[in-house]
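Each structure below appears as structure tokens.
Look at the two complexes coming up: chain A is in both, with chain B in one and chain C in the other.
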Partner chain A sequence: MNVEIFVTDKAGLQKFYEAIIARNETWAPVEKFGKFDFKRVSSLGECDPDSPIATTRSAKPLFFPRSAKIMKYTADSTGTRVKETDEDPFTAKRVILGMKHCDARSLQVLDKVYNWDYIDNDYQKRRQNTVVISTRCDKAETHCFCTSLDYDVENLDAMDVLIVNGTEGKVHITARTEKGDAFLKENLDPASCILHPVSDEELKKQYQAFAASFRLKMNYKEINEKLSKIFDSPEFEDVSANCISCNTCAFVCPTCHCFKISDERVKDTGVRYKSYDSCNNGYFTLMAGGHNPRPVKYRRWRQRALHKFVYYKERFGENLCVGCGKCAVSCPVNISIFEVVNQVASNEVV
Partner chain B sequence: MEQLLVPMICKIDKVIQETPDIRTYRLKFKEEGLTEKFKWMPGQFVEFSLLGSGECTFCIASSVTRKGYFDCSVKRAGIVTADIHSGLEEGDEVGIRGPYGNWFPLEDIKGKNLLFVGGGIGLAPLRSLIQYCIDNRNDYKDFTILYGARTSADMCYKEEIKEWQDNKTLKVILTIDKPEETWTTNVGVVPKILEEVVKPVIENTKVITCGPPIMIKYTIQSLLKLGFADKDIITTLEMRMQCGLGKCGRCNIGSTYVCKDGPVFTNEQLKRLPDEF
Partner chain C sequence: MDYTKQIQEIASKLFAEGKIDVFVGYRLTGFDENQVPVLIRDQKDVSQLVFNDRSVFNLVNYLKYEHTRNKRVGLVVKGCDSRSLNLLLTESQVKRDKLYVVGIACEGVVDEQGNKMQNCMECVFPDAIVADEMLGTPHEVRKYKVNADIDELASKGLVDRRVYFEEVFENCIRCNACRHSCPLCYCAKCCIDQETATLYNGANTTSGAFHALMTWSLHLAGRCVDCRNCEKACPSHLPLHLLHKWNERVIYENFQEHLAGVHEGDRGAFYKYSMQDPDDFIM
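Presenting the complex of A and B:
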């Protein structure tokens, strides 16, 4: 496939960003204490779409909010009334600027679970209304391993628009989807760019330079295969020993999607929430009466590792991991999913 | 998603104190005409909410063939169920979502001998199917119900069991764990009575069992010892659930969503799951 690539320079890119922010509801990485997080922005000065490090949390909360109101209700002597909550805050058309490839890719993974059987319409709507603009990272961070998980030139439709830093200060802007194409027509000033057809070969070269910067590499097909046979591996106890069950990994993970439903009621009125939860929680599978299929930590870590690299793949055909390394970056006790699955897989049960 | 999680309001038509810690709530939808439209299959479950306390997963304990209501039997076991027991009486309102999950394989059991093996509150999901099969009695051959509880006072559906005993086309065998003065029939745990008293015909028989996990485990062992095939043993799993829609991830056993692929499984299917339930 030959794709149209707009070539501009740093100044042209800044103009492009400014035009986007001026015309659209824009979310972009905003720095605070050396870390980045997606925030609603109204000027380029507030944010850094080409943030030098990835955001601490993924953009997941913009599609699957940390805590969403399911309903409000009143219940008193006159009866019970349920009121669906106000408008979804995320249905407006919007742009997410500076979403790293791993983060964008995670949406394709999440689509699978939200679009089977019961369709999650809110998620769908948020997806449809969002234009995702990614800047390719120049090099890998310490915990990155996205190139080991299906990140290649064949798979660039995860984002609508891709921005790549080329040689000699040149910047390549490409639409990767129809939505992205329409968006560029509306927001990119052609006068500031040269239109080029760029071949797959050229894209591949750019990609290879980036791929060479990775410290972590693995063959996920081998991991899938090995992990599917090691349910009883004693290694799970070893890899999970340090875990303090704080659930940070699940909250920053772009693909973790488990949630809980909880009630908050004051006198006659109350609110029911849907909020993040994690299989690392001791109470996650605890049943009334005390039975718990995963009463100990290693079993919960086994669930986490196997859900990511075996179960989700069996069910939906994708790894539930995009190799972003966010869990390892934020883990207070330095547990890395990369190390966990590799350690368990390399110690086969005999 | 959020809209799918909003419950419909039901009114409690009747409360039956089955045992000291089990109550059956008979429910009707508040909205006119909804009760008639609400259809479920035996084995399916609902998400039952006591607003303010939270949601619980209960199987529907009655059959769709008994029109105009549906039952949920609630054992006081945890936080929400304790609130349900202490707070919900006739005329009160609760939230209901559902029905969810798969159901007992009605086509597979047609024309077969049926053997129901229940323990304690585990009779609740079986009751939905038992009522359904009684109401379509001609579709089935021999019909046996083995039910056990810790004590005679812990037996659910006492009135209904009497009706079953009076029904000449059913064979009902009851057992309790320890002898009691006024108890004149079997004493002993369910698997023992199954082997020693029921002595079921294996050929052309489907067994449907539910009870506490430990009872299910030993009942299945006994059934296999008696010569039943894995595919002829059907059970329904208890698993912590929350959304019921195959999204929240709580009921996962391996790649199986108990809320979508289950809760009804044959032993053949259970053997393929990781040992984590």
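Presenting the complex of A and C:
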């Protein structure tokens, strides 16, 4: 694909956003109670696509909603009948603005699991109908460690359109996929941009400054290797001691994908939902008959850490963590998965 | 308000005398000035302990987990924390002789931005009520005042209130961090987690969140001590205190000025029965 870099300024970018919102169903970060989350927007004033604060939840709810209707049914003395569900609100053609790179990357990770032994049609449809526009961060936040993981943040191709802030108020807009290219042709006014042929020197410079701003750095290969050997480490009990067993980390995580099935029933009619679930729940592995293979907190914690850095890697060749730090930001007791895996790995039992 | 040194000394002494198995306190996060709860099990780790106006979390919450169960526990409590401890003692959830309580005469704690917490500005009982040892200068008696947010909410009218709370529940992700961080939510299996029951809605929907949060707030009516652990834990920053403060006000006005856990042996408002109790309102 021939890569073209459009260069515009802040005002040009605002116009680009306005044009997108006017022509498409658009989702963007919206502030509510002091936190940002992706919401449907109808004007640029409602949202802040360039917000330096990452959204509390990732863009995961737009592809894997917190609760999705699977079916409707009626059940009475004459029998049970399954009815068609309403149309899925997330399968319409849409654009997502202001996604961070970690969120965009998480979609690639989720793609693998949703294209595995069972093809999730709803997820595929949501993915196909979405144009992802991602803005590269200028500075890492306290808990960010995306550059320490097994993907190339600089040349990430998970988004359709990439936006990078350059020097002197310049903004670089470039397509990363065929879909993105077609989208730019439709929505970007060439009169407001200069078309740069190749010179991506400035983008490199911006990336270097961004990469230098990280507080957290680790060697993921070392972590993968060490964690794979320490299933029985007593260290897990210590690091999980102050965990309060809520589900916040899993629910805000862009890559956690466990779900449960539950019914909302009024008299004879009901709706069956697929909702988020988390391995931190005490009842997550509870079986009929009462046996629970993970009855205590540290075993559940170990499962979460090892699934992220060992089990998923063994099956799909990637880490189930994109280094966004959302779990640490939202954790009621400030537990950071980065600290925990590093602490456990550094106390490796020989 | 900085009792770091005193608390380290107390914990160290308790371990040396073999009086406790675990000490629950605060330590620094390691990258900023905020703090996280820490469970110390060895005298050599005592130097991690800190206490100042960033020691926000209510540590009484940790008395319900396996790390402290059936163990002798040392614990730091502020005024509000001690009220919840008082309730746990009354409700037979912890044994007093297994606890060594370090009480703080609290000057108020601050949030992550460094502003004094709203509940601290309205605090009626800043001094720890249950304590084996007190740190700080005790405060004068203060008078309970109705929260300004509740006045504003009450002036809104039923329809507007409903609209407001629908917005709140829409932003809830049902992670249950509020429930898990509440020291008074100690049920081994919560009623709102019953997956198969048709009475409660297990799905992660707005109506499910409404159901869960309303049930939860009514179970805490007359017991909530306004420590705001739930609100600090909420990843969506929902104003959960409004639910509890509303209940607190109704109970204060109707149940002989009852405030939860302020006396030893005090029971929640709904555990007591009196012929004088009014029945002319629906909460």
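The definition used in the following text is that the second predicted complex is superposed on the first by the 337 of 350 C-alpha atoms of A that agree within 3 Å, B and C clash if a C-alpha of one lies under 4 Å from a C-alpha of the other, contacts with A are read in each partner's own complex, and residues count from 1 in each chain.
In the analysis below, contacts are C-beta pairs under 8 Å (C-beta built on N, C-alpha and C of every residue); 3 or more make two chains touch, one makes a residue touch a chain.
Keep in mind that this is a model prediction, so the values were computed, not measured.
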When chain B and chain C are modelled together on chain A, clash or fit: fit
Partner chain in contact with A:Thr56 - chain B first, chain C second, else both or neither: second
First (chain B), second (chain C), both or neither touched by A:Phe33: second
Residue contacts with chain A in the superposition, chain B compared against chain C: B
Partner chain in contact with A:Val296 - chain B first, chain C second, else both or neither: second
First (chain B), second (chain C), both or neither touched by A:Val252: second
Partner chain(s) touched by A:Phe231 [first = chain B, second = chain C, both, neither]: first
Partner chain in contact with A:Lys260 - chain B first, chain C second, else both or neither: both
Chain B versus chain C as contact partner of A:Gly79, first or second or both or neither: first
Touching partner for A:Arg66 - first (chain B), second (chain C), both, neither: second
After superposition on chain A, the shortest CA separation from chain B to chain C (Å): 5
Touching both chain C and chain B, counted on chain A across the two superposed complexes: 260, 262-263, 265
Residue ranges of chain B touching chain A (in the complex, touch as defined): 1-7, 9, 30, 49, 51-56, 75, 77-81, 93, 95, 213, 238-240, 242-243, 245-250, 252-255, 260, 274-277
Of all residues in chain C, those that touch chain A in their complex: 29-32, 34, 36-39, 57, 61-62, 65-67, 167, 171, 173-177, 179-181, 189, 193, 195, 198, 201-205, 207-208, 229, 232-233, 235-239
In the complex with chain C, residue positions of chain A that touch it: 32-35, 37, 56-57, 66-67, 142, 215, 241-242, 244-248, 250-252, 260, 262-265, 271, 273, 275-276, 278, 281, 283, 296-297, 330, 332-335, 339
Interface residues, chain A side, partner chain B - complex: 68-71, 73, 75, 79-82, 84-85, 88, 113-114, 116-118, 120-123, 231, 257-263, 265, 270, 272, 274, 277, 279, 284-289, 291, 293-294, 299, 303, 306-307, 310-312, 314-315
